[in-house]
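Take a look at the structures listed below.
Look for chain A in each of the two complexes below; its partner is chain B in the first and chain C in the second.
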Partner chain A sequence: MEHARLWGRLAATVVLAAVLAAALPLLVEPYYIHVVDVTLINLVIAIGLNLVLGFGGQISFAQSAFFGIGAYTFGSLEAAGWPAVAAAPAAVLLTSCVGAALGWPALRLRGHYLALATLAFSLIMGELMVDLDMITGGANGMMNIHGIGLARDDAAMLPILLGVAAVGLAGSMIFAASPAGLRARAFRDNAIAAQAAGVNIRALKIGLFVASAAYAGVGGVCYCALLGYISPDVFAWQTTFAYLAMVVVGGLGNNLGPPLGAALYTLVPEWLRFLQEAYFVIFGSVVIVVIAVVPGGMAGLVGWLFGRIGRAIVHSPPGGRPAPEARR
Partner chain B sequence: MAHTLLQLFLAGLAMGAVYALVALGFTLIWNAVGIVNFAQGDLVMLGAYAVVGSCVNAWHLPVGLDLLVMLGFMALFGLAFAIFVYTPVRNAPQLSAIVATLGLSMVLENAVVLVWGPEPLSSAGPLGNTTVAIFGARIYAQYLLILAVLLLLMAAQEGMFRFTSIGRAMRATAQDAEAARLMGIRTARVTALIFIYASMLAGVAGWLLAPIFYVSADMGVRVSLEAFASCILGGFGSIPGALIGGLLLGVIESCGAFYISSEYIDVIAFGVLFLTLLVRPEGIFGEPQMERP
Partner chain C sequence: MTEILRTRALTRSFGGLVALRDIDLDVREGTIHAVIGPNGSGKTTLFNVISGIYRPSSGQVEFLGQNAVGRAPDQLARMGLGRTFQSSRLFGSMSVLETVLVVLHNHGMAWRIGRAERKRAQEIIEFVGLGDVAGVPCTSLPQGQRRLLEIAKVLALEPRLVLLDEPHGGLNHAETARLIDTIRDMHRRGPTVLLIEHEMDVVMQLADRITVLNFGEKLAEGTPAEVQRNDAVVEAYLGSAGETGIAPPPSPAKAAGHLLEVRGLTVRYGDIEAVRGIDLHVEAGEIVSVLGNNGAGKSTTLKAISRLLPAEGEMIFNGENLLARRTEQLAGLGVALVPERRRLFGGMSVLDNLRVGAHGRKGAEVQDLADEALELFPALKRLVGSLASSLSGGEQQMLAIGRALMSRPRLLMLDEPSLGLAPMLVDQVFAKLADINARGTAVLLVEQNARMALAASHRAYVLASGRIVAEGEAAALAADESVKNAYLGITG
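Now for the complex of A and B:
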């Protein structure tokens, strides 16, 4: 039953990605294709954050740093003459190693201590990206990154990014349905009980950090490949808040969450551009309202709505059923 | 040589005093309700905008009156914070509460741009660029004002916490809200009061900072970070820790910027924070890691 559901979801993801790849270029203007591309990169990074934060319950502010490390490693390796096929995996690998290097000392820290340690890490990395100008190009960043030769070709990047995002989402779905996903949720809900039940929480916590770093590293490589240049302000620690907001508004620990959150954060502002700053005033208020009213986020809301519609079609029950217990 | 050191030390202390004020408001809220308020620095920014943008630039209020008007505004804002942000999320898990304060931070940073415009504001403040010579070291009068205000506020706060019933009720609520309620303290009101007081402290910090920095939408997050670092250094949840941690951080920054490198100043300051967390998470005065139950 559980497997059938997983296969159904995986198939739905692949079909949706294929449909979007075929239909979007016909339906929307070239500029919006670019916006969709950026949304997909944000989605990949948000999926990574959802692993450590949503499934593992560990507050990590390191996502922007991992994103930047992936992008700068890829850019530097290419500048050193590496071909993209070698530079991309190497960048993701290095980012994962940094994830492990951060996850290991972070084992001692919980709650807001972990949040502040990872925030300090992001801040230091963001500063180093500007200060180490011999390697990173300083405040100007890196120009003319060849990538996979498709820089600024938004239409050609769209199917590639859709593929990457679909694979990333599929990975997260498989993780959620696997025993490891179950262990992560047990750890999130009660670390002591999970440990008593035999979960190796040290390995789990490091693993979650490595996975979130790997996703951000992939995002960094994709970002280089899409734009052909990088500048340090994109990876400043403030961007971590953006990913955090995406994951929370989308729905923590729910695989529908990152797509909904990334779309709400990146795609919708483009259509509501006339609102300017007011959009983020509204978005910030939505974050607070979501936490207070629908802790399951948009994904929880959508799931609840579809559940209701489904039940109403199959058999209309007497009286409404209350919303399911919100998952953290 | 000694002059330089003294000058750096006093300048560092002054910046540290501002960090300490913010860290103090942050610690009060943490102790009272167990929420890590990531928007504390944005309250500083709001206070600075209220003084410079409205009281001085728009209404041309005289010195003193601008401070009072701003404090009234910040008190109202603190009350709104307690009612509209804290109360709805008070039973949410800690992660969600943190993200809610980040949401508030996002609201404030964009709202000030809507209200006061995107250009950073500058203000000379009542003291302008006056400098004072102390043992041959030249120091901005504003820095001395900051230190004086900190001392005065701390004395007043100590008095309030020790000798007034409202101060004792605040301390009781912070220590054990359940027991305080059983003793007949209206903890909801006291909690709202703590939010009001913490907002006013942040407002004072904004008033003190405005003549030193440009008032801009992103000044808040920086101040938040410095305040967190102060709390971690001094010991999370400890009021003397917040003070000492803030002053220490200010001095580390000003001396580090001069003697090591001004480019790497943030790397140094937050490297210290990161190492403190890894080696001694409880800081100087703190208890072992505390977590919201």
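Now for the complex of A and C:
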């Protein structure tokens, strides 16, 4: 039964991606296609953070740095003459290795200390992206990245990014339903009890950092392919909080969380654009309200609503009036 | 029979404190082996060292004939060493079934949860009697079922050795009986059991062999019958009063009303009733002790009177309704508490700790009070400038009492003042209590060291499972077998 549910969700993800790929170009203006493309890249990065923070309970502020490492590695390798088919996996692999290298010392750290260490890592990487101008182009970044030849072709990139995001989300869903996902939750819920249950939490923690880095690395490659240029401000340490906001507002440890969070984070500012600078106030307030009022995030809210609707249907007597339990 | 677990000269210290010293332990395969001993005797530290949570400072641990020192807890768990914890450690986001599935899938590369494992988890859950609640979130289970879930988790490891740390803590009689049956059933399935237990009835019912720890050292070992007859063990549990020369203080003159009167006190932790409708009173100038097993509700009673826990019932102190007051107001009313583990301000000097206790008094008077406290505890005089955290256990206890006296209380309440103190220091602390009482302060005392407390008190109450099972003059209770029963499970 559990497997049937997983297959249903995977199928729903694929169908939704296909429907969006077919329908969006007909329904929205070209500018919004670009916004959706950026949302999808944010989504991939947020899924990675949800693995380590949402399922594994390990706070990481390293996501912006991993994103940058993926993008710069891809850009540099292409500039060195590598074809995209080789540069892309190499960039993701290198980012994953950096994730493992960060996960290793992070084994000794927890809570606030882990947060500070990963934040420091993001700071250092942000500086290096500017200072290593021989490789990174310094403050100007890298121009004219060939990518897969579709740079700035938002419409052509849409189905590709939808595909990448769907595969990424499917991976996270399979993980969540797998024994490894169960172990990650055990680790998050109570590390000592997980160890007593025979779970190797050291390997698990490194694995979670590697996975989060790999997703961010994919996001970096996609970003290069979409825009054709990169500059260090996109990967500055401050942006790591954007991904944090996405997964927290979306719903930690819930696979619906990153899509909802990434969509809210990217789309709401667009709708509130007419407010100009004041939209930060509105958006910030929304974030605070969601965190304070809905502990499970938007995904928790959606789950709760569906649960209520489901119960209302189940408990509805023939007369159509809800039974008392359903009203509770 | 072979030994499944051996420790040799096992020692673990924390800073300067030696929690375990030179422990040689042999647990024979197929037995139920119990570790008993007073609070702070090192039982849980022993478990933490064996199961790999702490590294020993020195000494050896062998499990299944292999060196276990330096192995991670999860490695030992997969080798077949299962353990439970004193307070249940739940996976808060999981159902009962998922919790057991974690153990069955604790390693390996499987990408999906196996059908066979699901079936096995269901079997284990039914075996411990949780079949009806397999799909329920484990956080919604009552205490008794949480304990059974801990057993289910351990069983899923298919362990060769199971360490149970106070498996029955916080359970009522029916739940305890159910748990004992389950432990027996589990043992019959094969694993050796090493258990920590305070409730002597449980130990006597289950154990083949008992090791007694005291102050981190092995005090005695043998069959239950041997241990029960061992004078040193009786001393370790009941204390060493008698040769200490603590005289029962002269009884106070009868006052008109009670200084403290408690009626129908009930305290709940969630669903558990820790204290069930007890009545007690303290007269002005009296020393009263509250005795009983671990988990009997002694400290809870004291915390409830100090307003540190929500409680029901009536509590009148000197005409004031304590239930209408907050903890920080008690000092002003004349009630002072010396909490369990002392709770000193470790980063402050001895003198500053005393000053904080003076509750809103003015400079000159504070100085007088501090001098008075130092007069009572001369050992603290040369330490006035030292940080409280640098003091020894006995000095810290003196300081905690001195700090409480700074508010000139009419009633001084102490929670386990002898906890973690060497016998000689215990004697000193009790002698000081007699001095304090001689100056007119009433004392309400919670103590595991029953014999010592009885020698120093006028009256006493004995608690079991949150109810008063005996009360009366201290001397009469000291001669009463029922006190011994409540403490050591010695019948007849």
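Keep this in mind: the second predicted complex is superposed on the first by the 315 of 328 C-alpha atoms of A that agree within 3 Å, B and C clash if a C-alpha of one lies under 4 Å from a C-alpha of the other, contacts with A are read in each partner's own complex, and residues count from 1 in each chain.
As a working rule, a contact is a pair of C-beta atoms (placed from the backbone, for glycine too) under 8 Å apart; a residue touches a chain by one contact, two chains touch by 3 or more.
Quantities reported herein were computed from a predicted structural model and do not represent experimental measurements.
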If you stack the two complexes on chain A, which partner ends up touching A:Leu123: first (chain B), second (chain C), both, or neither?
first
Answer with first, second, both or neither: which of chain B and chain C does A:His3 touch in the superposed model?
second
Quick check on the superposed pair: does A:Ala186 touch chain B, chain C, both, or neither? Answer first, second, both or neither.
second
Check the residue A:Gly111 against both partner chains and state whether it touches chain B (first), chain C (second), both, or neither.
first
Is A:Ile201 contacted by the first partner chain B, the second partner chain C, both or neither?
second
Determine, for the superposed model, which of the two partners chain B and chain C contacts more residues of chain A.
B
Which holds for A:Phe283: it touches chain B only (first), chain C only (second), both, or neither?
first
Between chain B (first) and chain C (second), which does A:Ile135 come into contact with in this model arrangement: first, second, both, or neither?
neither
Hey, which residues of chain B end up touching chain A in the complex?
36, 84-85, 88-89, 92-100, 102-111, 113-114, 218, 221, 225, 228-229, 232, 236, 263-264, 266-267, 270-271, 273-274, 277-278, 281, 289, 291-292
Of all residues in chain A, those that touch chain B in their complex
53, 57, 59, 105, 108-113, 115-117, 119-121, 123-124, 127-128, 131, 238, 241, 244-245, 248, 252, 277-281, 283-289, 291-293, 295, 328
In their shared complex, chain C is touched by residues of chain A numbered 2-3, 174, 177-180, 182-183, 185-186, 188-190, 192-202, 253
List the residues on chain C that touch chain A in their complex, please.
51, 53, 72-75, 77-78, 82-83, 85, 89-94, 98, 101-103, 105-108, 110-113, 153, 156-157
